[in-house]
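Should a chain be cited, it is by its letter among A, B, C, D, E, F, G and H, assigned in written order, with residues numbered from 1 in that chain.
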Amino acid sequence: MTDLYSRISKNDAAVLLIDHQTGLISGLVRDYGVDEFKNNVLALAKTAKFFNLPVILTTSFESGPNGPLIRELVELFPDAPKIARPGQINAWDNEEFVKAIQATGKKQLIIAGVVTDVCVSFPALSALHAGYEAFVVTDASGTFSKQVAEASLMRMAHAGAQLMNWFSVACELQRDWRNDVEGFGALLAGHLPGYQNVIESYQAQNELVK
Amino acid sequence: MTDLYSRISKNDAAVLLIDHQTGLISGLVRDYGVDEFKNNVLALAKTAKFFNLPVILTTSFESGPNGPLIRELVELFPDAPKIARPGQINAWDNEEFVKAIQATGKKQLIIAGVVTDVCVSFPALSALHAGYEAFVVTDASGTFSKQVAEASLMRMAHAGAQLMNWFSVACELQRDWRNDVEGFGALLAGHLPGYQNVIESYQAQNELVK
Amino acid sequence: MTDLYSRISKNDAAVLLIDHQTGLISGLVRDYGVDEFKNNVLALAKTAKFFNLPVILTTSFESGPNGPLIRELVELFPDAPKIARPGQINAWDNEEFVKAIQATGKKQLIIAGVVTDVCVSFPALSALHAGYEAFVVTDASGTFSKQVAEASLMRMAHAGAQLMNWFSVACELQRDWRNDVEGFGALLAGHLPGYQNVIESYQAQNELVK
Amino acid sequence: MTDLYSRISKNDAAVLLIDHQTGLISGLVRDYGVDEFKNNVLALAKTAKFFNLPVILTTSFESGPNGPLIRELVELFPDAPKIARPGQINAWDNEEFVKAIQATGKKQLIIAGVVTDVCVSFPALSALHAGYEAFVVTDASGTFSKQVAEASLMRMAHAGAQLMNWFSVACELQRDWRNDVEGFGALLAGHLPGYQNVIESYQAQNELVK
Amino acid sequence: MTDLYSRISKNDAAVLLIDHQTGLISGLVRDYGVDEFKNNVLALAKTAKFFNLPVILTTSFESGPNGPLIRELVELFPDAPKIARPGQINAWDNEEFVKAIQATGKKQLIIAGVVTDVCVSFPALSALHAGYEAFVVTDASGTFSKQVAEASLMRMAHAGAQLMNWFSVACELQRDWRNDVEGFGALLAGHLPGYQNVIESYQAQNELVK
Amino acid sequence: MTDLYSRISKNDAAVLLIDHQTGLISGLVRDYGVDEFKNNVLALAKTAKFFNLPVILTTSFESGPNGPLIRELVELFPDAPKIARPGQINAWDNEEFVKAIQATGKKQLIIAGVVTDVCVSFPALSALHAGYEAFVVTDASGTFSKQVAEASLMRMAHAGAQLMNWFSVACELQRDWRNDVEGFGALLAGHLPGYQNVIESYQAQNELVK
Amino acid sequence: MTDLYSRISKNDAAVLLIDHQTGLISGLVRDYGVDEFKNNVLALAKTAKFFNLPVILTTSFESGPNGPLIRELVELFPDAPKIARPGQINAWDNEEFVKAIQATGKKQLIIAGVVTDVCVSFPALSALHAGYEAFVVTDASGTFSKQVAEASLMRMAHAGAQLMNWFSVACELQRDWRNDVEGFGALLAGHLPGYQNVIESYQAQNELVK
Amino acid sequence: MTDLYSRISKNDAAVLLIDHQTGLISGLVRDYGVDEFKNNVLALAKTAKFFNLPVILTTSFESGPNGPLIRELVELFPDAPKIARPGQINAWDNEEFVKAIQATGKKQLIIAGVVTDVCVSFPALSALHAGYEAFVVTDASGTFSKQVAEASLMRMAHAGAQLMNWFSVACELQRDWRNDVEGFGALLAGHLPGYQNVIESYQAQNELVK
């Protein structure tokens, strides 16, 4: 039974960022606010960076209207495989993409993309079929409406995918704050303005006391 | 286990459009905006047309207040079986309907209709029971409220139905853009105004460069 | 596997209406509009009446602040067992209640009540445990918020309950309009103002033509 | 300044019910739930009946797709002027309609209709222009969306219309419960299920005490 | 022009709490969550208490289904005039109520009640008409729906009422924290759980430093 | 007082369509669904066409990322002035634009655009200032969020703009169905799927009777 | 199969309250209103107290920005183990925490915390893995958004957790009102203002009758 | 009449940022998403910086639980007056604050703050009273709920305030893109992820063409 608690481990996990392209996001994603979605995607990316996870980027028709990957993703992962798929909609149908995954030697796949019901759902289901564990990052994946997202997530959950969000992915990888309190705190604060407010209140009070 | 990723294939799939009748839609459907719902239904229909899938239309009491099928569906599929059920609520109870399905020789049934909790849910559950695969097109199916829709989708998911939306159906059938870039692009653009905007920006820029 | 399509049959079904009391509804139910909820409860009750299903009414502390059953339910079912539970929260813990169910000889239980997460959920889970089929009528059951309702429905679905709504219950029992077109039409029209509008448009046009 | 508190008086008020036709309601009204809207319209109508206010009914193209007035309105006011407008969209452009208003001798016009932004807004603005007071019954008037309704109400408020709802109209006409406690209570209870629940709790407790 | 900034002053203001009765709240108020509404009403009451403003309580038919005032209001203001209106819907029509207001000698009336569109709106408009300033406390007033509330607030704003909420009333009366930092802080913290959290974080940190 | 009912007249009105550009719509508009917004804009455009109103198109930086006007607008009005503003944000600051308005000789300006709070609001306020009447078509204008839209509409209403929607504009121009029943019916049906459903039900029934 | 109805028993259950800290709540919780959430957490805590269940409190970095436990929890359970985790994010990774659970000898764990997707989800999944039953109290657990909460609840439901709310936990533990009518009634009334209203109406009427 | 279109001018405007403190934001602001609100506040601040407008910062009890100004505001305006009010709630009651405004010599005040109904509303009304023009930046001001925000905005609009948002403020100040295309584009792109996507699509296409 795939649903049991399988922890994501720094040593077993790779991250697949699929089709976070400017044209697709501006044209299709409507289930999250624009500020919130951009923040979630970058937060997931920086989480991957923070834990030095292997990252695989892929795009669909990036020289056409779908547009390039959002700039920050490209800049964050200059050395990551970046597979420009010539036509396959399901990234798993692209041999190069699957080989890149195999090359990481990891069996836990953390997956996010645009749009949820296609670019995330298809490879997540393929990955499960191929024996991988699939951790779908729901809030770094976007689509046409909340109704479409919900149906798609329910489908993946029934197929054995683990539904997560960027924050729970980060926390699961971190395991223990003591592994790097400052680094992990900075990662969270940089993408959780509410948490940043709490931290700044705390720091200001510390300053006063001195 | 029916939940594993069973891809829809052009060769194995038939489309069932059930009771998309004018009276039922105007009187009962309230979980989608009127523009959005009309668009979704037509998009699914044109997807079926684009891939030359066998389509079966059926209606309930079309000479009464339930009204006729929305005109565009009739016009799109002049040669499709159009089964006016004399009384059966679950289309699967109509022998002619089941025979029409059997005549297609397909085992993957893509199903949409009005209302979700009856006209879609009953035949989808019957189809699963009869050994077919059921791909429910959630956003081309409408009902009284989001609460009713959600309960109905959850019921079908637990029974083994695959929850999809017209866009994911189209993408799964297409598999690879290269099978027909222009045709597939036109299909999507015609029913995704957000995507059409992105395409027009792209085309205008191309014009400028020339 | 309980999730497969088990049709409700007129011959195998009984209806349990649990704690639709005036004090509980006005004090606790907030996941449906007041007009909508009252209508849904009465629609389910009239459906039971229309199909002559055995109905069992039960209340919790009806002489205290929880108040009496809403008047229309009492009037609709003058001969139904009406079990005033002296204290048991889960109606299934009341021997008289379970005996009344057993006395019907039915194995399919159609269940609605207030509040969903307790008065519906507890006996539904007990019924499943005891080997009955449980058809939960989600829109004739109310509770504190949509969030509470959703969690409760998800819990019941995972335990094998069939999530339905009053309209799908009515349609499943009717099976075929021809069993009684006029009676069934009147049942629906009386509780679906949107459908009534469509019917009145149709009838007016018929009048004009004469 | 028209905005100051001008009370509706039983002696000075007439009610205009404009285009509450079955086709228009089922085809166009989406800013209220179907149960809620039907209830609001009937509640306003019965309020007018209860206070013996002159009522004027009017329709647009009732022999075409717009359909007839909802049946209950016709039955409630068998002797009211019912003006079938041959084409004028703004009812105020129909001479017969304006004459019917003048014939009442009233200067306070309570107005509701479908759709808010046209069939209510146009005659309300015309009435204000002609020196009448306009009391728009917002919840017995429906239109395409909450956004359209809100813009339309803001427009009318700025032009001097008084925004009310059926309950506040009823209460303003009643002035004092003692004018007819039982009758007024029955009017409210019949259209406020939440209030009916509270009343039934109270009555049941009274019964118990006896 | 009534709209200009007229500050509420401790010396010029009286508070009118109208029909916050248990039956009316449970049966009719649906535009605020139950926790939120109860909290807002009590917060306004405690604000009045904190500033020693004269308070006038009034009820409609409190010995019938409308029920008593919520207990806390009665307990907070044992010496306030509590006018049980024998039938008048608009409290301003009750001579005793108006005399009680006149007896306070205040010209700024802070008004809240149930329901907004009647029990608040009618006396607020009457008060404006009689030359008082009306400060409507929108979030301590409840009614059937957000749509009804919004229309009613727009009506009152156009008639010259000042739309406020309990927090802005408290802050306007306080003027300066230094008038009583501890007392005012306790008032706010007791009814703003979000603010209480921030305060507790602060206090805990202070403890640690010691 | 500009707020009184000033009817739009076919003879006095011109239409300003401002910055309905593909990049701006896909990148910025989030207060309407994509299907709904596209439909509303085209419906307004076809209304202008149907009544032969002078139309003025204008764009901001159309050769940059803002993109071209949506294609259908260009095709509908091949002979309309299309003013590509070289930099002015408020179209009224562009002399050519104001001259084009003056050239129409009209004093009633029907205005829609993207985004509401800038491209609509600025010229609408300028037009009012310059002595024109401004009819803002709220549902053919889009912006970042409902909160931004609402604040912007409130601002314009207070400055004297008339808040309308495409349907009320069309109805006000038409005045009487008899001016062209078929043409006007086709205009509405083409952009109101709900109304189209009602019409198709009606027509189907007419066919049956023959 | 863990999903079958396993009743919570007073004798078999322990309560885990995880990270209900002031900084985390104010900074991160946005899926419930502040009044509602505070009320839900305290209601669950008082339920545990009422039934004398063993309670285990735990915090994460309580001397930093996460802040202390909300004061009322500390005061309610002066003798409960309160485990200040030095760094472990999943409380189950803290040996002291697991030992405290083992020390209770209970196998049914009632779990709530902040945030749902991490502080609740991780230990709930761990507990299931370790052979415990996990009853997640959804409305006493909060997180970033309804979307994150929903995905997290779906994940836990698929892993076998029972989704409950504080009210259903209380009712399941109580089993029968007669075990302590007054005490249980006071528990509910203190945290359900809607129920308190109904009770006060009832009591006032009883007073009147005397 | 203050409502007419009074353009904000670079030469006449000053910006008041009131109480954007970490404790207040995390504890009280709930009408905007956390990402969205942080972004809006910073966008307004950078707009002020871009146009070199005089900025006045002020705080309430910043050494207590209200916390410091969010760090970025302090860093952006190292030389701005930063008035730590010792107790006055309405900043206008602080002499130093008013003098700082007078020292700018500007008569157009662009105002934002936390919370809208107090820290923004009070000084905005005071400023209008004192003869200034008040431009309230609605989306860079936050408060307890959308209902509270809406009532507060309606109050300010009726008193003559201009309701704007950060984007419309920026555009009004810029007047013409040609004043600084690159700078203004960077300002917008940095705070409008949707616009940034459109720009990146455009730039990528330009790169390809080269």
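Note that in this section a contact is a pair of C-beta atoms (placed from the backbone, for glycine too) under 8 Å apart; a residue touches a chain by one contact, two chains touch by 3 or more.
What you see is a predicted model; the values in this text were computed from it and never measured.
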item: Smallest count of steps, each to a touching chain, taking chain A to chain E; value: 1
item: Smallest count of steps, each to a touching chain, taking chain A to chain F; value: 1
item: Pair of chains joined by more contacts [C-beta pairs], E-G or F-H; value: F-H
item: Fitted rotation between chain A and its twin chain G in degrees, CA, nearest 5; value: 90
item: Far-end chain from chain E, centres as C-alpha averages; value: B
item: Chain whose Cα centroid lies at the greatest distance from that of chain F; value: G
item: Copy pair chain B, chain C: interface residue numbering same or different (half cut); value: different
item: Averaged-CA centre spacing for the pair chain F and chain E, given as whole angstrom; value: 43
item: Averaged-CA centre spacing for the pair chain G and chain F, given as whole angstrom; value: 53
item: For chain C paired with chain F, centre-to-centre distance based on mean C-alpha positions, whole Å; value: 48
item: Multi-chain contact residues (two or more partners), chain E; value: 23, 26-27, 30, 33-34, 65, 67, 145, 150, 154, 158, 192, 194, 197-198, 201-202, 205
item: Interchain contacts, given as pairs of chains that touch; value: A-B, A-E, A-F, A-G, A-H, B-C, B-D, B-F, B-H, C-D, C-E, C-F, C-G, D-E, D-F, D-G, E-G, E-H, F-H, G-H
item: Footprint of chain F on chain D - complex, ascending; value: 23-24, 26-28, 30, 60-61, 64-67, 86-90, 93, 115, 117-118, 121-122, 125-126, 128-129, 144-145, 147-148, 150-152, 154-155, 158-160
item: Residues of chain A touching chain H in the complex; value: 22-23, 25-26, 33-39, 62-63, 65, 67-68, 70-71, 192-194, 196-198, 200-201, 204, 208
item: Touch list for chain A against partner chain G, complex; value: 3-5, 31-32, 138-139, 146, 149-150, 153-154, 157-158, 162-165, 167-168, 171-172, 174-179, 181, 192, 194-195, 197-199, 201-203
item: Chain A residues touching chain E - in the complex, by the definition given at the top; value: 198, 201-202, 205-206, 209
item: Of chain G, residues touching chain H in the complex; value: 26-27, 30, 33-34, 145
